[in-house]
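Next come two complexes built around subunit A: one with subunit B, the other with subunit C.
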Partner chain A sequence: MDTSLLSAAIVGGVLNGSLYALLGLAIVLIFRTTTVANFAQGEMAMFSVFILIMFADSLPLPLWGQWFVTVLVSAVAGALVYIVLLRPNPQAEHLNLTVRTLGLYTLIYAVSVYFWGANEPYTVPSLFGDGTIAIGGFHISYDQLGTILVTVVLGALFLLFFQLTQLGLAMRAVAINPEVAGLLGVNVAKITLMVWFIAGAIGAVVGLLVAPVSFLDTLLMRPYILKAFTAAILGGLYSFPGVIAGGLVLGLAESFASIWISIHLREPFTFAILLIALLLRPGGLFGRVHKVRV
Partner chain B sequence: MLSRVPPAARGGWLVAGVATLLLILAGFTLGNYERYLIVIWLIYSISGLGLNLPIGFGQIYSLGQGGFMLVGAYTTAIVTSTWHLPYAVALIASLVLAVVVGILVGLPAMRLRLFSLAIVTFAFGFMLFHVVKSFQFTGGPQGLFMDPLWLTDAFSGRAIYFFALLVAVLGLLASYSIAHSKSGRALLVVGQNETAARSLGINITYYKLAAFIFASVLGALAGSIHAVLTSYVAPETYAAELSVTMFAAVMIGGKGKLLGPFLGAAFIVGIPEVTQAARGLAEVIYAILFILVVTVSPGGILGILEGLIGRLRRGSIKAATAGERAP
Partner chain C sequence: MRHVTFLAATFAAALYATATSAAPGVTDDKIVIGGTNAMTGPVAAVCSAVTHGAQAWFHKVNEAGGVHGRMIDYVVLDDAYSAQRAVGNTRRLVQQDDVFAMFGGCGTATAAGVLSFLKSQPDVPYLFPYAGLRELLEPLKPGVFALMPLYDQQLVAILPYVIEQMDPKPKTGAILSNNIAGVEAWREASKKTFDEYGIELVYDDLMEVTSPERAAFVVQMKAKNPDLAVIADAAPGGARIYQEMKRQGWKPKMSTGIGTFTAEQFLSQVSDVAEGILIAPGFVVPPTDPAAAACNAALKVTNPDIEPNHFSVFGCLTAAVLVEAFDRAGRDLTREKLIAALESMDGFETGISGPVTFSSESHLGLDSVIPFGVKDGNFVVLGSPIKAAN
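Now for the complex of A and B:
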């Protein structure tokens, strides 16, 4: 295999992998702190892109400003989801709470199809402009480079925030044991609200990065959400570095599968990776099996 | 025998018995479209009954029920229309394949718990959808048109109606006997605390796998009936959304209760039917009602009904005791 094909596969793999990882971060964040698997995370990201091209688009701001507004609105929407959907009947078991996010997934999709489905697909402008640069005889587009850069910076910022800030510490406390965290003076409801706020923002960024490459339609995030969950599970569902590694492993594996085996077998191949990995390590590649007291 | 059945279950049997009688009568009197709708409802109920055992009893979150319906439907289509064999063969082949696939997916998957399991089973359904879409003998993206079967049109469509009803009743009886057997109680313990179950000497993997296979068999049966009803199988019909819908049906109806899947199936078939006039908004209304039911009542529709009945009972007891006290 020649080097240009190889480097294209690596760039493509890292690119997709970093998007899976970022979306997976939002999922793991919510799962760790609230034990809710947010199935609506992908649809929330898709909705954010519609917020950009339907509303933020008309603001007298440069594109990055419109991006910022979109991310902010999406974050507030994420917080609203928590207040409206998950605050009522909080004593319900986590399965019930998760099924509510399945309902939200259905609702966001239905609303988007109702309002915007007729005219899809839409083109979404890229923040990074057209054009490519050559690195060692291999061409990489501004868009690819920008996407990788944004995901790396955002991922790093997130990890630092979680490890080093007061708020991050409180979130970790809630993740380990909400009840004890509450007794120690952490405002659990406020922290959970913040978690949904951040998850909404991360989702919006992922949507905005994906949409310029693959036209915007109501099914935009469907391929990504399953991969993000897969990345999260490969990483052990509880670990942030784990989900990032899981996303990259998945992206690269997929990319090599489509050039070595067949493009059609990409999806089955993803599933095979997941099954084999979990067969060998049920707790995920980086996770540990959580012991439960009887 | 009946005295051993708790009063709540006796009420359930009364409902189930009356409903079956009404459905038998309806089979002779209703028009084609109404009968078609009832068969669709029964198909979802059968599949949901299967799924209710792993979800409701064993806390096994299976999000791949659509995949097993796909197995049943495609097996039925290929056996009857590509190989031109009778439907009975197709039915047996669907069941055998459902068991085989159930074991292949279930053995590794049952080592996982909760949401890891949900995602793995979801990925399984997603993968099957892509597989049937990319192979020639499964008809690719267009799917397969089936030869006309005797069962599809016999007695102006009544044969398939009564067949679906029979399978649903048998599925309910099977679910009941499992739920009230030693295996059902073992599964409940496994669902509540695996470590405790293990310390009681319960073979966890065996019971979890058995529940998963029960779901896959009923799912394949439902898929097979669906293929016969529509005479056509297409990948989109059995896409990953179907798995989500089936999971939702069990949760909306009320998980862990045998009548729950029937109510949940009635919701997912009935609501779009009732709101048809709202056209584009129908989907939105469906989604809002879905969220309302699961948010307001974690016990689903059955939880709401039981709450209402309980309130009525308490009301009548109060009224009766008040009457006694009155001079």
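Now for the complex of A and C:
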């Protein structure tokens, strides 16, 4: 295989894979602590980018400052989603809670189309500039490099936060058993609020990384959310390292499938991988089969 | 006796009124026409301008008293570039709102949807969609008229022109097309031209118009390094391709495409990459041309926030041709008279395009494309109109 083609496949695979992984982290974080599959995670990310270009970019701040404001506002919006949408009637079944996120998904999409659909797609500035680095016959752009860097740093910080901080410990306790965590003095409602806050922030970062590469439209995150769920399932749905590995495996698999097999068969190929992985390891690559005592 | 005469006169008047308003969508003071277009969704930024341009021109005509005393009411429903929604919109407009004709719109896939529905309603005219669909014209359908040359006709016209401009002449070529209705015709047209000029086809693939994925295609095309690339894509997808070329540090020596690449929104996103390597076929003058001033002024009245562009000028063109046809059809408007009026147009000068000609044998109004290039971030007309022969 041509080396520049191979390099492009690796970079493309790692790039997309790291985005799937990051979005998957937000999904797994919420799922672990609340057992809610947040189907609105992608639309929340898309909405964050609209926050940037419709509101934050009028602030007298450099682009990184506007990014920071957008991530912060998105994090608060994530927390608000929990307060308004999931906290009422928390004793409802998990399916009920999950369907609420499906409703939110539809609502965010409809509102975005109503306000901004007519003029899409929008150009979103990249935080990393638009230059390219040439290495031999292979080119990697600043935004590709920046995206990979941000996802690696954010993923590492996230894992460290979860393993080494008091808040991370509390989140893990809530994830394992919220009732027992509550009895041991952990404020479960506050921890859950923090989880949604963090997931909102992570989603915003993913949206802000994707949009400059593929233009912003109201369907921005549709290709990513399904892959992020796939990465999460591949990784075992409860495992943070698992979702990162799942995302990278998925990204690289589809990238190589598009070169070796066909661009048009890469999605069937990647979902075939998911099926095979689940048949051979029902708990995912890094997961365990969770048994429930009845 | 006088009472009976009065009743008879009233009955006759009622009968006359019924007879004169027999054409659906036509009343004493109004002609209602319908349209479906991508006012939201992946191609809305470009396609919606076609509707805005047409509505602006109708508004201008209505302000001047309408046509034979009737105002033109253009009802447009959003299909978000979904063929299913386009079919649903057409069904509603035709069966529920009783429009006189389906008019305008933008998008080949959605035009195919409208056309499929109108097979069951052959009396309803379907006029001037911005779509390169051969089925609009072949076989000839009494009520279906198009202004825009088909995509394969555009490529047959523009591709030899592009090759002639290149020095040295290209040895290898690539074809990257949207996987939509009619794609085989324009792929074949491109391959035939490549064969005629001895250009080896080194890459040929199809893309999904609704998917944003373009990077993988550019990776593949880059690996083949063609001298000339034919890229038949919607404006947003095309912009992604040129951006991706920039990202991957590669571009062909020259590229061309279909009329979608004459959208100013497309250019604003790719002008730095496309400058010097893109020649695209236009159908109307650029909005910066003095001939487009009346259209731009009309748009400023109805949509002051929208920048005039190639698509809004095309919208004005479609409206101007329809107004001319309404005028020729006369006060006693019927669908048959409209069709006869259109078929009577022979070299109708619009001022913003080549002359428009229809006949009972051909329902395609424009037969030439204008070569557009990119210079200093703007579209420039590179030469005289090129005949887009079938």
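Going forward, the second predicted complex is superposed on the first by the 292 of 294 C-alpha atoms of A that agree within 3 Å, B and C clash if a C-alpha of one lies under 4 Å from a C-alpha of the other, contacts with A are read in each partner's own complex, and residues count from 1 in each chain.
In this text, contacts are C-beta pairs under 8 Å (C-beta built on N, C-alpha and C of every residue); 3 or more make two chains touch, one makes a residue touch a chain.
Everything numeric here is computed off the predicted structure, so don't read it as measured data.
After superposition on subunit A, the partners subunit B and subunit C are seen to fit next to each other with no clash. Using the contact criterion defined above for the overlaid structures, shared-chain residue A:His139 touches subunit C, although it does not reach subunit B. Rounded to the nearest 10, the superposed model shows the Cα centres of subunit B and subunit C diverging by 70 degrees about the centre of subunit A. Of the two partners subunit B and subunit C, it is B that touches the larger number of subunit A residues. Look at A:Asn187: by the touch rule set out above, it reaches neither subunit B nor subunit C. Looking at the shared chain after the overlay, A:Leu102 reaches subunit B, while subunit C stays out of its contact range. Shared-chain residue A:Ala37: touches subunit B; no touch with subunit C. In the superposition on chain A, contact is made by A:Ile233 with subunit B only, not with subunit C.
In the superposition on chain A, A:Pro282 contacts subunit B only, with no contact to subunit C.
In the superposition on chain A, A:Asn177 contacts neither subunit B nor subunit C. Once chain A of one complex is fitted onto chain A of the other, the partner contacts of A:Val113 extend to both subunit B and subunit C. When both complexes are overlaid on chain A, the residue A:Gln163 reaches neither subunit B nor subunit C.
In the composite built from the two structures, the nearest CA pair linking subunit B and subunit C is 6 Å apart.
When the two complexes are laid over each other on chain A, subunit A has residues 113, 264 in contact with both subunit B and subunit C. If you check the complex, the residues on subunit B that touch subunit A are 59, 61, 108-109, 111-112, 115-116, 118-120, 122-124, 126-127, 130-131, 134, 193-196, 199, 240, 244, 247-248, 251, 280-281, 283-284, 286-288, 290-291, 294-296, 298. Residues 39-42, 44-45, 48, 80, 205-206, 210-213, 215-217, 219-220, 222-223, 236, 239-240, 246-250, 268-269 of subunit C are the ones touching subunit A in the complex. The residues of subunit A lying in touch with subunit C in their complex are 2, 4-5, 8-9, 12, 113, 117-121, 123, 130, 132, 134, 139, 141, 143-144, 213-215, 217-220, 223, 255, 258-259, 263-264, 266.
Residues of subunit A touching subunit B in their complex: 31, 37, 39, 85, 88-89, 92-93, 95-96, 98-100, 102-107, 109-111, 113-114, 226, 229-230, 232-233, 237, 264-265, 267-268, 270-271, 274-275, 278-279, 282, 284, 292-294.
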